[in-house]
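Just dropping this structure here.
Order of writing sets the chain letters: A, B, C and D. Residues in each chain are counted from 1.
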Amino acid sequence: MSTNHSATAIIRIHCPDQRGIVARVTDFIHRNNGNIVALDQHTDRDEKRFFMRVEWELEGFELSREQIEPAFEFAIATPCKMKWKLHFSDKTPRMGLFVSKMSHCLYDILARYQSGEMKVEIPVIISNHKDLEEVVGKFGIPFVHVPVTAETKAQQEQKALDILKEHEVDFLVLARYMQILSPKFVDHYPERIINIHHSFLPAFIGAKPYHAAHARGVKIIGATSHYVTSDLDAGPIIEQDVSRISHHDTVERLIQKGRDIEKIVLSRAVMAHIERKTLVYKNRTVVFQ
Amino acid sequence: MSTNHSATAIIRIHCPDQRGIVARVTDFIHRNNGNIVALDQHTDRDEKRFFMRVEWELEGFELSREQIEPAFEFAIATPCKMKWKLHFSDKTPRMGLFVSKMSHCLYDILARYQSGEMKVEIPVIISNHKDLEEVVGKFGIPFVHVPVTAETKAQQEQKALDILKEHEVDFLVLARYMQILSPKFVDHYPERIINIHHSFLPAFIGAKPYHAAHARGVKIIGATSHYVTSDLDAGPIIEQDVSRISHHDTVERLIQKGRDIEKIVLSRAVMAHIERKTLVYKNRTVVFQ
Amino acid sequence: MSTNHSATAIIRIHCPDQRGIVARVTDFIHRNNGNIVALDQHTDRDEKRFFMRVEWELEGFELSREQIEPAFEFAIATPCKMKWKLHFSDKTPRMGLFVSKMSHCLYDILARYQSGEMKVEIPVIISNHKDLEEVVGKFGIPFVHVPVTAETKAQQEQKALDILKEHEVDFLVLARYMQILSPKFVDHYPERIINIHHSFLPAFIGAKPYHAAHARGVKIIGATSHYVTSDLDAGPIIEQDVSRISHHDTVERLIQKGRDIEKIVLSRAVMAHIERKTLVYKNRTVVFQ
Amino acid sequence: MSTNHSATAIIRIHCPDQRGIVARVTDFIHRNNGNIVALDQHTDRDEKRFFMRVEWELEGFELSREQIEPAFEFAIATPCKMKWKLHFSDKTPRMGLFVSKMSHCLYDILARYQSGEMKVEIPVIISNHKDLEEVVGKFGIPFVHVPVTAETKAQQEQKALDILKEHEVDFLVLARYMQILSPKFVDHYPERIINIHHSFLPAFIGAKPYHAAHARGVKIIGATSHYVTSDLDAGPIIEQDVSRISHHDTVERLIQKGRDIEKIVLSRAVMAHIERKTLVYKNRTVVFQ
């Protein structure tokens, strides 16, 4: 958390594993008089791949914000064959929300947003139904109804893309949005669409997972938040959690208990994304501390 | 638990849901001067099916052990179209163990057995490998090596069945036994073979679930204990539990963390079975309190 | 759950343990043509005390609502020395909410209330601060500011009692209300005030439990919902849950993570209370299924 | 984990927080041609204290084992005012075990020891009772009976110290050893005695925590493993875990359920200690990944 500090720079890196990367990166920051406030790294030995997140205070740092990217690219990223991203903690991300009819994830996000826990701007909320217009209205956020049918899907997705572009949305959250986005749509926001699936993936992929869980007689149910890819329910997992159930729980009870897991798991995933703690590689998500 | 009491009778019932069953069953016990020490019931509204477990003290009960079955059958079970089982708490069940090479579930069971927590007799332990012969030897239990190949499977299963029959085994526990039992074998012990599968079923059915979990990038792993049916990994689930993991966990770490879940989940399932708290109906298990 | 059924009657009982209680109670319902939809019982052997909750459909029951109480009292409760309560599922309880400055529990309850998950009426919300007036306003519920100082406490508690009486409030929920209620106030709502304490009681009783948890270096934090008695943080526990933390978590992070446990634990406790599933005996709470 | 690698060096550090520590440490390793296989760091902002664990392969490292300590001390530790420790992964630690009458933690440790999961040597097991002599005998480990009474305590502790010294024990594990060690004894093994307390500390300090938990009516029980200090049950916590219970659970059931948490929590703590992942500072334990 950078709450009590001045603005920070955050770099997330992955590259082929090689000797001396931590030394080079930390030396780069140290030589420019940067004070590291968080550093986490991970080496995947099977993939021979190195992952790192480092965050340092901008105050006193001898490179300006504009200089950091070219300097790091030249000195370290290029020689080490890094894929990397730079962010500044005082740049608030703009989040677009997609909803349908269920309110629990939406309320959970909006409550965090309004209390200041979730540090985002929410310029617009899009829904294929009008059910939640009143809820959204309570929070003074523009609500746009973009109904979707099999025939109008391509056209309506384009309409949604236009709205998101107009509002300069950085990333999307599907808060129990019950439509499947086309690969074409997903391509506009790679690793920037977060979904909540109401099962413990990969169990119970697809529709009606609580019915399937009940039929199978499981003793624990779960929820999974993941980045959306063109492959349904198969995107890189960010967060999961579970809840114990019993034979007494009807499908309706599972749905009720599941709502609590869904909303917490989705909000945790969104928080990790906003704090720039996630890094996707080959369908898996590194979640830094 | 009946630990502090005299011997008890336990009846487990399921039947079509109908009015007055609890009244009839409890009245039967009450009229014969029985003192109920535990009663749990469940109604599955979708299946319109009623489930019940009732346990009462034999001391002072006015029917002898031999009289209970015909009396209950005539007065209640037949008119109510019940499927039911009667057990006496002082009849210690005889458990057969199947193992292969891994010792963690075996040790966990034997430690509970020897400390008196798991109230069973273990007349014999069968293995398709010799690796655990020494472990079993420590506990003074007969160990029989029954190696299995694709060619000898039918014959060796028959040999195992003969051994189990000779030792008057009531039920079987597969403590990470790495062979698939044939439907023919399973038919000899319906709802009386307990397996531990090293994943959170129905995720990662089949071989090498930890490898699959690692490849999928899940954030939680689990284990599942279930009754064995002829359909692999699809039998009625008795107990499940999970453990949180992270991207740092290699497949080897998952296997290590998984062992702790496996052994606890299997032992809990075995304990529920021994205490006559499970009741299978249509591939789901009611686990009474 | 009685969601799919006609209205039900719910009786909760405790009495000295004795033979035949279940038989007598279920026979009473059966003879009057009642269809039991849920039955759960518990015997506390140390206390020699019997606990029971039974719920049956009113449709077809041969006693009118008014007749049930005297009939049951005469036939069963008096001879068995029972303490008992009767409720009807279609009588929606009226819940009073007390809040201070933090919104997370309030939002969680109001979201469930508005979606219909939490079947209560909320005639009034009282706060000692004005911070949440706007949040409450979004939901169209009367908000009354009742500030409290050491000098005005007695007088302001009386004012609050008057407001609650005027609104015919059945029970109270303290959704992170940061004032201690006087024993005199508590006496007006015995076993009908539900509080959320932000620790895993009995660890960290009193103020600033997250600071204390951080100082002690615990690896898990929790929250506890309990009925309020005159003894601070010592009332009968209804529900608890926990969350794993690490040395990385600052006090601020603990507070943030704790909010998610608090709101879920409080809402679960309120739901159990509303569904008439709790029964207090000697500072412990039986929570029926 | 260093399982698939050559031997590694492990350094654990804490020091006043200051700029450039990670850079200096990693540069030290990198310049000497070391390949880092794990690095984890933590900054405690309240304490203004920095913590780090770094592990690198010895193969190819240009300093000999003997040279590492003086070189690191001179170049980095002294200028940075570090407290630090150096270990080599191929030096197997020698663990002394203290037990009393309960076998569950003992079995759990011995099963891991014998399967090779717990990479220690166990030269001796000491007990104040003879009950577990037979269990220990199964595993071929010397068992020494050192009975303790109020009168003989000082003398018997000295006897135990002599035995431990003779067997060159590096650290001690109290596997439900029911005696309190004197501060004098504890001083011989600072941060090297690991205990398991059968409650979720700081709740239920002292004797009979399950009885206390039952009396308080908690809904979750736990266990805590911690380093032993002269202050009973107040030492730095290494690991905790919990298990959900209900009003049905008698004290005996709590004890039974608790055993499973105790053994897993203790073994996890011992594993963290053996893998040199723990670092104590001011009564809190940093547990590196």
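One rule holds in what follows: contacts are C-beta pairs under 8 Å (C-beta built on N, C-alpha and C of every residue); 3 or more make two chains touch, one makes a residue touch a chain.
In this text the structure is predicted, and so the values were computed from the model without any measurement.
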Which of A-B and B-C has more C-beta contact pairs: A-B
Most distant chain from chain D by Cα centroid: C
CA centroid of chain B to CA centroid of chain C, Å: 37
Mean-CA-position distance for chain B and chain A (Å): 42
Touching two or more other chains - residue numbers and ranges from chain C: 4, 45, 246, 248, 250
In the complex, chain B residues that touch chain A: 42, 44-46, 51, 200-204, 216-220, 222, 236-242, 246-248, 250-251, 283-287
Residues of chain A touching chain D in the complex: 4, 19-20, 22-24, 26-27, 29-30, 33-41, 43, 45, 244
Chain B contact footprint on chain D (complex, rising order): 1, 3-4, 103-104, 107-108, 111, 114-115, 117, 135, 138-139, 246, 248, 250, 252-253, 256, 259-260, 264, 267, 289
